[in-house]
Structure formats: C-alpha cells, structure tokens
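Next up is a structure, given as structure tokens.
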Amino acid sequence: MIIGNYKSNYNSDESFFGDWPNKFAFILLCLLLVLIPFISSGYVIFLFTQVAVFIIAIVGLNILTGYTGLVSLGHGALVGVGAYATAILQSQFNLDFYINIPLSIFITSLVGVFFGLPSLRIRGLYLTISTLAASFIIIFILRNWNSLTGGDSGLILDPIEIFGIKIISENNKYFFIVPLAILSILFAQNLFRTRIGRAFIAIRDADLSAEIIGVNIVKFKLMAFGLGAAYAGLAGSLWAYNFLAILPSQFELHLSILFLAALVVGGSAQTLGPVFGAFFVVIIPELLKWAMGFLTPLNPTIMEYTAPANSFVYGILIIVFMIFEPMGIASIWSRFWNYVGRWPFSP
Amino acid sequence: MFDPIFLIENSITGLFSGGIYALIGLGVVFIFRATKVFNFAHGAVMMFGAYFYLTFSEILISFGSPNWLIFLISLPLTFTASALLGMIIEKFLMRPMMGQHPFPLIMITIGLISVLEGAAAMIWTPAAQYPKPLFPLNIDFIGSLAINRQMLFSFILAIIIFLIISILFVRSRSGVAIRATATDQSTAALMGINVSGVFSLSWIIACVTGSLAGILLAPLNSLTPTLGIVGLSVISVVILGGLDSIIGVLIAAFIIGWVESMASHFFGGQYKEIVPYIIVLLIIIIKPHGLMGTRQIDRL
Amino acid sequence: MKKKFNLNRRSFLKNSAALTGAFAFGVPSIIRAEPKSWVMASSFPLTGPFAAAGSMGLKDYLDWVEMTNSTGGIAGKKIKPVYDDSAYVPSKSLANFKKAMSADDKPVFYGGDSTGFMKLVTPELNRTPVLCGGTSFSSELADPKTHPYQFISGPTYNSMFDILLQHIKSKGGKKLAFIYSDTEFGKDPIEHGVSKAKSLGIDVVLKEITKPAGAEIMTHISSLRRADPEYAILHGYVTGVWPQIIGGARKAKMSTKFLGTFWGMEKIIADAVTKQSGPFLEGYAGVTPYRYFYEAKEAPSYGKFFAFLKSKYGDEFPGYVSTWSVQIMFTYEIAKLAIEKTVNADKEVNAKNLVESLEAIKNWDSGGYMGKPVSIENHAIAQGRVYSYKTSNGLFLPISDWITT
C-alpha cells in the first residue's frame, strides 16, 4: 500500500527508477529475460529478438514524435538506412561490428538530420509530409543504386563474431540484441531527466514559450531528429545482423506506419510505451494466425484473410486508441498499478 | 535521338493524368479548408469508391443489362455509398476529435488507410480487377500522334466535375458556408452556419469526387486495395497548389502530371514514382505555401 | 483434420505462453518421437499482389498431397503439409520458415514463394539446412556453391530468355524490345538477355520498365511505338500489365509479336482478357517448362491428378489446373523424388543427403510434366517449349519442340 508520496528531496524525485517496486520489477524482468531462451522454442526467441529490434526503433520514434511532437512517417526508411549502412560497410570495407554499428548509427543520424532540415522552417503537418517524401526517396535510392545496395535483390552479410563465437543462432542473437534494447530504453529514460530531454518536451508543449525561456529551438529540433534517427540506425544495424540479409521492400512506408501504430497503442511519451507497442505489433499477427489456424480445417484458404485482417486490426487500434485512450497501454498499465498500490483506498 | 512527336505524346499523357490528379486533390483541399484536417486516407477512400462501382456494375452485368443502364444505375449508387462512407468517417472518427491538437487527427487518417486497405482486401480479395471502364480503351491518330481516347474522355469528365464543384464552391449557399467556416469556425457558428453540417458536407463532396476519380483511374491502373498509393502521391499536387487553394490544385495537377511524364520520358519509367516526392520536398524547403496557398503557415 | 487441429493448439499454447513471458515456467518440452510423416512446409502468397495464383496453388497443392497420401505417400510415410500466408512479403516468409524450422516436427522440405525470400533465407539455411525449392526461377539461385540447399524446378529466367531468343532468331527477328516490371523478378534476366541477343545478332531497341501492377499503359505504348520492334518480350508479370500492353499495342495498330515467360502465360488470365476485351491476344507466345494441364494425353501424371480431382469434386471440377499450380506440384514432385532416392539408398533423410540425391537426378521421366527426360544441372532444369495462344479455342498450343539450353 502506497498512500502518499514519500519523496523527501529532489534527488529522490529525479531518481532513475522512482520507488522500490519499480526497481524490483526491473530486476525481476531482467531475470525473466535471461530465462526465456532456455524455456522456449527457436521461433519464440526469434520473435523476442524482433520485439527487441522494434523496441529500439520505437524508442527513437518516441523521442521524435512522442516527446518532441514531430510526427515522422519516415522512421521505417531510416531503419533501412541503418541496415544498409551496416551491410554496405561490411561488404565494402569489411568493418567489424564494434566499428560498424557506431558508424551506421552516425550515418543514419546524419540522414535523419538532413531530412529534419525542413523542420527548421515549418512544423506540424508539413513536417509529416516531408518525412513521408523522405521515406519514398530513401527507398527509391535503396532500390536503384544497384552497385552499392544490390537493388531489389538486397544484400547479404556475415554474422558478427565475438571472441570466436558467431552470433548466428537464435539464442546468441537474443543475448546480443536484447541487452542493447534494455540499454536503449534506459538511455532514453535518462535523457528526459536532463536539460536536453526537457527542452524536447518544452518544444512539443509550447514551442514559442520554449524559445522565450531560452531553448534554442533549431538546435534542439535537429538534435531530436538526430537522436531519433540514431536509434533507428541502431535498430537497423541490429536488424541487418539479425536477418543477415536485407531487402529494400522491408523498409517501405508500411514499416513506418507500423512503428507509429506501435507508439500510439503502446503509449507515446512514456518509457514503457515502446515496449508495450513493440510487443503488441508482433503478437497481433501471431494471434491472428493462430485464430485462423482453428478455422483452416473448415477452409484451407481461410488464411487469405490473415494479412488484410492484420492491417485492418492495426488501423482500428490506432483509431480506437487515439479516440478513447490517447496515452496508450502504458497509461492503462500505470493506472492499474496505481490502483493496486493504493488499495484499499483506491477510488 | 530527339523525337518531338514522342515528346508531345508523352506531354499529353502527362496532362491527361493531371486532370485526374486535380479531381483527387480537390477532395483533400475541400476537407482541409473546411475542417483543417489533412486527410492522408483520401487515396484509400478513392479506392473504396472504385470497389463500390465494381460491385454495383458487376451485379448489373450479371443481369445482362445494356451499357447505358449499367452506368445510369451503378454511378449514382456508387456516389451514394461513397457519400455514406464519408459521413460515417466524419461523424464517428473526425467529430469526436475536432478542435484538438493535429497529431491525433493525422494519426486517425493514417490508421484509416490500414483499415480501408484491409477491409477492401477482405471483402473484394487483393487480386487485381478491371471494373467496366466508363470509356473503352481506344487509340486515335492525328497524323502520327497517338491519343488515348480513354484518357482524353476521363480527362474531360474530371475537369468538368472539377469546374462544377469549384463554381458551386464560389457561388452556392453551401459553398459560402464552407468558406465562412474555413475562415473562422466560431464566427461562422455565431452567424448561424451549421458548422457540423459543413464538415459533413465537405467530407461527402471529397468522397464522391474521390470515388469518381477512382472509377476513372481503376481501368487505367487496375483495381487493387493499394490503388490508394496513387492518392498518396497526389499529396504533392496539394502541397504545390498551396494546400488550401482550389485553383492552385488545378495548376499544380497539370504541372505534376507533366513533370512525371517527362521524368519517365527522359530517365525511364521508374523515375515517375519518385518525382512527386522530390517536388514535395523542394516546395516545402523553398516555398512552403505553394503556388497559391495562404501565407499563414506556422513557421519558426 | 483432427490431428492438425491439436497441433495448432499445442504449438499456440507453447508459443503464447512463452510470449507473455511471465507464464512460461514449466512448459514441458514435448518428447520427440520418430517422425511418422514427412513434414513439407511452405509459404504461399495467399494475400498481396499474387494472391490469385497463391490461393489457387494452395488448393491444388493440398489436393496433390491428398492424392499422394492416398497412394502410399512418399516411401511409405504420409506427407504432412504445413503452410502459412506470406502476403508475398519476403520477411514474412522468413518468419514462417523460422517457425516451421523450430517446430517439433522438422520439415524435410521448404517451399518458398518469392525470389526475395530465397535470398533472405540463404544465410539461415547455412545454420538450419533444409532442402528448399519454390516459385522463383531466379538465375542467381542456380548455383550450388552460393545456394547449396536451394533448387529451381525448371529453367532459370536466363534460360527462358535463351529459349525465346533462339526462337526469335529462328524466325528471323532482328529488332527486339524488353518490357519488364520494376521488381527483382522483372529485372533478373535483362542483362543476360541483352548480351545474349547481341551474340545472336538481334538488336535490342528498347528496354522499358513498368510498374509490376497497375502500370499506366499509354506511356509504354508511346515508347514501344517509337522503337517499333518486331518482337517484344514481356517479363516479370503474373496476372496483369502484360495483357494491357498487348491490348494497347493492338489498339495503336502495331504488329509487334509479343512473347512472354512462364508466369505470364496462364490460360485463365488469357481467357478472361479475351472474354472481356476481345481476341487481341491471338498469337501471343511464350516459353514454359511444363505442359499445360489439358495435354493430359501426353502426361500420365496429369491424367492421374485429373482422375483424382474428378472423383473428389465431380462436376464442380472444371477440368483445368493452372500452370501456377502445376509449377508448385512439380516442385513437390522433385522433393518427393529426392526423398525416395535418399530412402532407397538407405541414407538418413537430411538436407545434405537430399541435395546429393537431387543432384543425382539424371534422365528422370517426369510423367509428362516436361517433354524431355529431366536432368538436374546446377540445381535447375534447363528445358522449355514455346507455346502460342489461340483465342478461338482458348488454348496455348506448342509451336516449337522441347528446347534444352
């Protein structure tokens, strides 16, 4: 039972995890994540790894869209830039992953800043449209610069090797990627305890007032683009190492929309939002496939409905959450724990 | 090898597609002017309209009706169904969110793309279909210049409808109401204009013109649930035109149609798809209010 | 049927329990028994741009499995088909592949549904090898060194172009155009085709890229009219675009002869187009590695399948099976043969041995699927025949002998 706010100084108010139940839950979760590969099948581990890659990408989108209020329809394409940067750096320059990943992140954030430049003059809707254009242009370049990107055939890359261990089995990939996802979440969580993060929020809530109190809007907007894209770059890099083969069609507009859907459903501008969102968008197709699996004995081609149903459900979820629960699952989650924490005095 | 007739032929093709772009762009501008919502799902609405037409015309064909009867019955039915779709979207998705931050509204229209595409694939299957064209494919020759009669007639029809709607927008009572609402919602409401009626009306007009564009486009491009992608590229028309200017859309549509076709002429077919987006990016950087748009865009 | 139901539920319980994380403790690992059946897994494009071909293919494939199982299966064991929808998205096919490979009953064969998937799966196959075939004829896959576990159940697109070019050469054609879709599939043989045409003394006057579906025809007709070729090869299409281009060219009073490749030569499409827009496909020709289903007289395999379908569906069976389905069935026939050869040689049925048996297929009588005896070289079968469409009876009829390259 937590019936009051026991924080007695600013340090504890700004502390990383908040109160002890959070810390405890975090440790428990980490333990659980270590256990998962030992108790589940390869496919489930693969799904978890995919969720981890999505989480990293969506955390980046959260910084840009959730916290800074710049809606991006080009995030999926930026993940593509990261993935291609990694694959190209490896195939052309044979770089090891510990140089390759940071370089890919850097390249992607440069591309992100470049497409963020229109945001210096305009905002809102126009920005969304310019990121939409960016998405199409990036994919077009990936598809047509054959000598560098392999065109529509994509690229194949070699697995990471750490101390002679090849990161190629599902388990190894899991243990390589999931910790990075956790670190990404923690880094973003920490960001919003700093001046930079708060400047982002100030820009979202009231850009003019932010400027008046001394926030350099141009600098921080570009920084938000750079950071968001850097996350996309890391996600893309890990995506490439996870699949070991990439195609341009994987990063088209539908991926950007998927990320936005995940953010909205998970809960934007909240630490746990991307986590819930990523789980959600990965689980829904599995649930649908499973449901269709029950019906296949009746009609073997009922699966024809899975993919459209998928897209239909994503769309419905975006709309329903926007209208009825704009803060997403994360907000339901925190309300639930508030209720539990304050029981029996909860309203 | 420079071939002037080839260039003219492609220019004409480009201008013809511009006519249909204008009709698509018109819907986006209407909704934006009246409600300040940018409808990313307009292409998807257009695609749905084309499927309505497919359904009605197939039913009539199965009864063995003559051509004129097919058009006479299925077109009004399609427009009614599209109008209903517009009313439903406006009433249940847009109205609850009116007056809020633009983010939720943008997200809802993006969500709507997925909903409509998914629904269309479930109802009509995702396979490409060819609804009965309003005008059959026929190529005429003027000297050695080939002109696609199907595109020519589609172009003429699109432009006629565009002009009728534009004139109504300026002259009719409802048009004045829409413009008044666009200028100042609260004052318009105080003056006794039924603002929610205006919202509804603008969605209906957008969906009906959109469905007509879909009907014209489907035989040229084949009808699949992803026909809406064409609608996305029409964003460039709307942005170049200035987002809230109807005459701007008409001019921009011709420019984009022509530039697309020139890109395809000089560089190859695949460049056609990317041209609109390059133009969008350039306009946003150089001249965000477009050719004829109002200069009151948020800027910092 | 009941069995499949249980399997789905069981695997779901396992997956979903682990997915939700917290409840994953104590899921018992299912004890592995000696496989009682051959699991053949595959992805089908049941949605997306090739849904028509995919769902038709799946129905016929399931009937083929039923027929094969009713006559004893493969080497005494029944086939258990496992399939998922891919929407023609390569990464979805890859997820399906991983799911199939991590199931308790490991597949002996995986059927992929796109060239993209065949590329994506290559690194994965090195880790979890399995014999892998599918709907792609991509020339890049016909290389045992880089793609050791993948095979093509027909000629590569390059070989198809070779056959067409030889046909054009034999007819004395000099000016040729390539019209192809802006996809991996479309672009695959173009480079090879250009150099091959050059070596045969045929002039490629136009290379026109179109959208894979919903292309705006007029622009392409304009280019085609400028180039004015005697022959044009259409490649990279399945259900759409190719009929529209031919129709447009005829309306523009062009006499260019159009040629296609396997996926763009389906009778169902040609019939529908003829019915809707008139007989302009007359004389459209193209290369296909398989006999059409109505040539059952020369193909005992087709005859057997025909009889099976007739007894199962009665009058509902229209008497025709699409070339798309034939392609899928033939892929499985090859996998079946490889398994039988491996079992007969008393070797363990694993990917490595299956590939060995596959490579050892020489002069196999395919029961009429293909005209000449089938030999697998470089994991592909380089033979095909040119057929031409007649609008009067709606049949593609052979206009050449079986050509090997």
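Chains here go by letter, A, B and C, matching the order in which they are written, and residues are numbered from 1 within each.
One rule holds in what follows: a residue touches a chain if its C-beta (ideal position, glycine included) is under 8 Å from a C-beta of that chain, and two chains touch if they have at least 3 such contacts.
For clarity, every value in this text was computed on a predicted model and none was experimentally measured.
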{"item": "Third chains touching both subunit C and subunit A", "value": "B"}
{"item": "Contact-richer chain pair [B-C vs A-B]", "value": "A-B"}
{"item": "Label of the chain whose CA centroid is most distant from the centroid of subunit A", "value": "C"}
{"item": "Separation of mean Cα positions, subunit C and subunit B [Å, integer]", "value": "38"}
{"item": "Inter-centroid spacing, subunit B versus subunit A (mean Cα positions, whole Å)", "value": "33"}
{"item": "Residues of subunit C engaged with two or more neighbouring chains", "value": "47-48, 51"}
{"item": "Of all residues in subunit B, the ones touching two or more other chains", "value": "121, 125-126, 270, 273"}
{"item": "Shared-contact residues (touching 2 or more other chains) in subunit A", "value": "304-305, 307-308"}
{"item": "Parts of subunit A lying in touch with subunit B, wherever the complex brings them together", "value": "69, 71, 73, 117-118, 120-126, 128-130, 132-134, 136-137, 140, 144, 207, 211, 217-218, 253, 257, 260-261, 264, 304-305, 307-319, 322-323, 326"}
{"item": "Touching residues on subunit C, where the partner in the complex is subunit A", "value": "1-2, 4-5, 8-9, 12, 14-16, 18-19, 21-22, 24-25, 27, 44, 46-48, 51, 55, 58-59, 62, 83-85, 87, 89-91, 94-95, 98-99, 101-103, 115-116, 119-124, 127, 140, 183-184, 187"}
{"item": "Residues on subunit A engaged by subunit C in the complex (per definition of touch)", "value": "32, 35-36, 39-44, 46-48, 151-154, 156-157, 159, 168-170, 243-245, 247, 249-250, 283, 286-287, 289-290, 293-294, 296-297, 300-301, 303-308"}
{"item": "Residues of subunit B defined as touching subunit C within the complex", "value": "3, 6, 9-10, 13, 17, 121, 125-128, 130, 137-139, 141, 146, 148, 151, 220-222, 224, 226-227, 261, 264-265, 268-270, 272-273"}
{"item": "Interface residues, subunit B side, partner subunit A - complex", "value": "38, 93, 96-97, 102-104, 106-108, 110-122, 125-126, 225, 232, 235-236, 239, 270, 273-274, 277-278, 280-281, 284-285, 288, 297-300"}
